[in-house]
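Presented sequentially are two complexes of chain A, the first with chain B as partner and the second with chain C.
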Partner chain A sequence: MNAIWSISKRELRNYFVSPIAYIILAVFFIICGLFGYIVYVAKAPYAQVIYIVSLMTNIFMFLSPMLTMRLLSEEKKQGTMELLYTSPLTITEIVLGKYLGAVLFFGVLFLISLEFPIFLLLYGKPDIPVMLVSLLGFALVGCTLISMGMFASSLAESQVVSAIIGFALVIVFWVMEFFSSAVSGSVGNWLATLSLSKHLESFSKGVLDGGDVFFFAAMSFMFVFLTIRRLDWKRW
Partner chain B sequence: MKKILEALKNFIKNRDLRFGLSAVFLTLATLCIIWFAGKLLSDSPLRLDLTENKIYSLSDQTKRVMKELKAEVKATAFVRKLGTEAKYIEYMLTEMGRNSKKFKFEIIDIDVDQVKWQKYMIGEANIVVFETGENPAEAQGAAQKDKKPAPYKRKDVKQQDIFQVDPYNPQKAEPKGEQAFINAVYSLTEDKQRVVYFSEGHKELSIGLADRNGLSELANYLKTENYYIKTVKIAAEGGVPEDCDLLVVAGPLNPFFDKEADAVKSYLRNGGRAVFMLNPDTCSGLEKTLEYWNIKLEKGVILDKRSFFQPVLPIPSYKIHPITSPLNKDQVPLILPYSRGISDIKAKLDPRVVSRDDLLVSSESSWAAAELKNGEKPSFKEGRDIKGPLALAVAVSEFVKTDPKKAPIDAEAKETQFVVVGSSFFISNQWLTQSRGNLDFFINSINWMLKQENKISIRPAADDLKRLEITPLRANIMFLAVVVLVPLAVISAGIFVWLKRRSK
Partner chain C sequence: MIKVSKLTKYYGPTRAVEDVTFEAEKGEIIGLLGPNGAGKTTIMRMLTGYFAPTSGTAKVAGFDIIEEPMEVKKRLGYLPEILPLYYEMVVSDYLEFVAEIKGIPFKERRAKVAKALDLARIEDVKHRIIGRLSRGYKQRVGLSQALLSDPEVLILDEPTIGLDPKQIIEIRELIKSLGGSRTVLLSSHILPEVSMTCEKIIIINKGRVAAISDKATIEGKDRVLLKVKGDPEKAAAALSKVKSIVSIEQAKEGPYAVLTLEGEGKADIREDIFKAVVESGLVLVEMKLASHSLEEVFLKYTAKEEDAR
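After this line comes the complex of A and B, so read on.
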């Protein structure tokens, strides 16, 4: 556990000493700030957190591959992966540590983004449980997107290739519902149940569904597990 | 050949390929587990609607009806899957499915599965077909089976029943699928089909007529509500038929014979149910019968100068009653064209357990005009006309004691219930579709009398949007914080770290 924590701290530090973290944060908050302001002041002045949470989720969907592209690709490119392989650390500890580091960075982004709910609380009377559930949805989908990006990073040495794979993966799972509409019957229904956006719907409405929480937890687990398997395979 | 086999062998032995295959297998296996577990969890009670008004939960009434389902019900929704309407329909059906193991549903995308769409002969999108029993079209060999198949029933719920469009803003549609769906389920699973008789022989509005003065639209709607519609000539039948659950008298122009009126009174006294719609300036012959229940039909047409349309088209207000409460809550407008007032006789009645409630009342600015001349500007004349507000519809209930010596309400007492409306035109084809309140009022009246309250009031869910109080100063503070300060702080931190690293 200590090893996982040490790796995650190192990852978090790496983020904040590289320009990519600041670029991601700046792009995220410039877009969210501008559109959030327009929505709440001009378009829909209602104490509904879902407007900004939907926006944040969509923007993070595009930014998450950039956040995760360097997680494992960089180690491979710099040749430090071999050092990690020969260290007393297990592959699981390495992957979990890196995943936790990226999730902690997302945690920083999440905390700063609470500025919008705070304004809603100051300027109106939002439905607080609905607000919390919507934010939980954003947190869960963020963790899932990071796990997908990390898996993509384990597949290629080039960060750009990792980002492209990660982005493709995210898009596929995001618009799975759209694909499912082209397939009739139980296969179509099965595909629809794997859609990230579909499972976010109940969170956005203020409904906490055990099935949806399980879905995001299971998807994160699956991609972390696949990353471990991938590195394990490469190790030997 | 040997070389090809060798290459194939090497290819299979390729580590990357083996990883790829195992990864694909693992991914598919995990996705199947996710799907299966999600399916299990979707039926579990691990679901919390945290909205203030519980707008994403079914009402207790709906849950009860679903839990008490006696027969298997299948719903097939024909939708365009990516539309918002489809999402709402799927959501409501999923919620209903959570509350009953006997309820199954299927979502058909009409752009994908055109065969099924055509099989059901559905002409448009966003229709949900509810079915129970064995479809005779599918069960060709049913006759050979030992077991008698359950009777097949089908009810289609159309888009306009699922979404109520705001007449003032056609883009805005209020979803009310819960009520439409539960009524469909309820009508399919009812044990007994209720028989509604429409009286004939006195130039009443006819259920067979499809023109503007006919009642064909109403008859069709009642059929979809699982009512069995019949007509009766009371004089020819020698009374009201025994299987009559409800008698409708829709605007007779010729009076009932005394014997017919007596037959109606006798029917009511024996726990009968009826709707009397009696127009102004006509003699229905039922006036004396209604006097027995302290009801007096005023002469003259109700005029209202402040009516949104014309003075002869008053828009009455609702009084508190199970029939009108759902309409009052949603402020559904009702137009009662060419109607008459209803008042009390104020005569001393026998001490009976009678309740008489006003349902619809005309406005303060209305009056019952004794004379209505063509081309004359309508105005109230003291002494000639009756000043409003006047009741335009009343509901009467009486417990008829079987034994005068028993307590006022004994277990064997029969309950008479009827509704009197001072107009019949409001349910004609011309007016039924003009205002949704007209149909709802009539249907609610029937459902109330036939103890079908489950069909009456499923509250429509409403999202309570709370406005932000944003002043120009608050807007500026927000702009400064979210558009300027936070991004600037992030960029400054980035530049600071970059400069620091460069200096090292």
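After this line comes the complex of A and C, so read on.
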């Protein structure tokens, strides 16, 4: 447990000593702010929580591969993986530490992003339960996107390649519903249930569905597990 | 302390290491010697638990690397050839992090980090960012990382690569001072490098152990290089009368005759040579001891192996 915390602490700090954290935060908030202002304030002066949150979710989807691309690729390239592997740590501890580090960074982004709903609260009367549920959806999908990105990062030594694979994974799972329409029968239905955007729908409506919460938890777990398996397999 | 038995590693169908067996006692400094690509790093990576062997096993500090890898890793310090450094970190923070993942208790951490800084003599750069240090300092930060947990067994992969001569001497002294209480396994592709620090040398060639021997045997007998004025034939004839000389090779270099002389056993033949040269009235220009190069040692041992088959 201590080891996991050590790794995630270092990971989080690493984000903030490199320009990447600031770039991601800046890009995220500039785009969210601009879009939000133009679409929901300047054009149609009716601001709704769900629009703002779904906007944040969509933009984070595009940024997440950049957040996760270096997680494991960099360790491999720099040779520091050799330090981690030869220290008394299990692969599970290494991967969980890395995952937690990236999730903590997402936590920072999430906390700052609360400014949008807070402004809505100040200047309007948003539906508070809907707001909270949709924010929960954003948090859950964020954790899932990070687990996917981390898995992509375990596949390649180059950060650029990791980012591209991560991006592909995210897009495929995001619009899985669209892809699945090409596949008929039960396989198509089964594929459709893997769609991230589909499971977000209920959150954005303010409906808290246990099944959807479970879906995101399971997806995150699966990709963390796949990352562990991938690294384990590479050692044999 | 280290007991390797029949360690084998294949990368897919390619053989990297096959049937490597050797032992190291507590306090011994052992050198793995071989050309690049011989399998030295692969052997070290298996011992440190970086990856698993295809077959065979090893015991480090009394624990099996396959059965109880965690116990092995706790007792091991490892300096990989590619330095495992986080370039954006400050030296002391980096060592702090390594102490954490090595499972050193909080109370001892500060003292151990201070000791490692001191041992590797990087006290003066502890507040600097690793990426901005010179190659020599980076190497020492890597070494301090390996020494940090005060391990029983140290595995150092090419510890002096990329250092300047002064630093090489310092690191050599440091490694020598570590022996005695710790077991050190180091690798190099340079013979003097290994022969200056290690008592026992293991020669690795194409993934196999070509020879395990003590330093003196591997280095072989010293030869004497002699340069005299005049005709090589004449000089050789004069020296062939000396009984302690076993073999003479001759060559011509401008107005000089260059002779390579080998004596019998460990005896120093320089005195006899000097006397013979003076008696025959030749003019002595140069005389020096020459040890065998890695290439020669290598050819000798790998040729033996071929003969045995």
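We adopt the following convention: the second predicted complex is superposed on the first by the 231 of 236 C-alpha atoms of A that agree within 3 Å, B and C clash if a C-alpha of one lies under 4 Å from a C-alpha of the other, contacts with A are read in each partner's own complex, and residues count from 1 in each chain.
Operating definition for what follows: a residue touches a chain if its C-beta (ideal position, glycine included) is under 8 Å from a C-beta of that chain, and two chains touch if they have at least 3 such contacts.
Everything numeric in this text was worked out from a predicted model, so none of it was measured.
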Next item on the list: Would you mind checking whether chain B and chain C clash or fit side by side on chain A after the superposition?
Entry: fit
Note to self: Under the stated touch criterion, which partner chain does A:17 make contact with: chain B (first), chain C (second), both, or neither?
What the structure shows: both
Next item on the list: Considering only touches as defined above, state whether A:25 meets chain B (first), chain C (second), both or neither.
Entry: first
Margin query: Output check: A:3 vs chain B and chain C. Expected answer is one of first, second, both, neither. What do you get?
Written below: second
Check: Put simply, what angle do chain B and chain C open at chain A, by C-alpha centres, to the nearest 10°?
Finding: 160
Item checked: Contact breadth on chain A, by residue count: chain C or chain B -> B
Next item on the list: Could you say whether A:33 touches chain B, chain C, both of them, or neither, answering first, second, both or neither?
Entry: first
Checklist line | Touching partner for A:85 - first (chain B), second (chain C), both, neither | finding: second
Next item on the list: Once the two structures sit on chain A together, report how near the CA atoms of chain B get to those of chain C, whole Å.
Entry: 5
Checklist line | Intersection of the chain A residues that touch chain B with those that touch chain C | finding: 17
Item checked: Residues of chain A defined as touching chain C within the complex -> 2-3, 6-7, 10, 14, 17-18, 78-90, 235-236
Next item on the list: Report the residues of chain C in contact with chain A in the complex, numbered from low to high.
Entry: 45, 48-52, 70, 73-74, 76, 78, 80, 82-89, 97-98, 100-103, 145
Notebook entry, point to check: Where on chain A is chain B touching in the complex?
Noted result: 16-17, 19, 21-23, 25-26, 29-30, 32-34, 36-37, 40-41, 45-48, 112, 115-116, 119-120, 123-127, 129-130, 132-133, 177-178, 180-185, 188-190, 193-194, 201-202, 205-211, 214-215, 218-219, 222, 225-226, 229-230, 233
Item checked: For the chain B and chain A complex, residues of the former touching the latter -> 15, 19, 22-23, 26-27, 30-31, 33-35, 37-39, 41-42, 44, 46-52, 56, 81-82, 87, 107-109, 111-113, 465-470, 474-475, 478-479, 481-484, 486-487, 490-491, 493-494, 497-498, 501
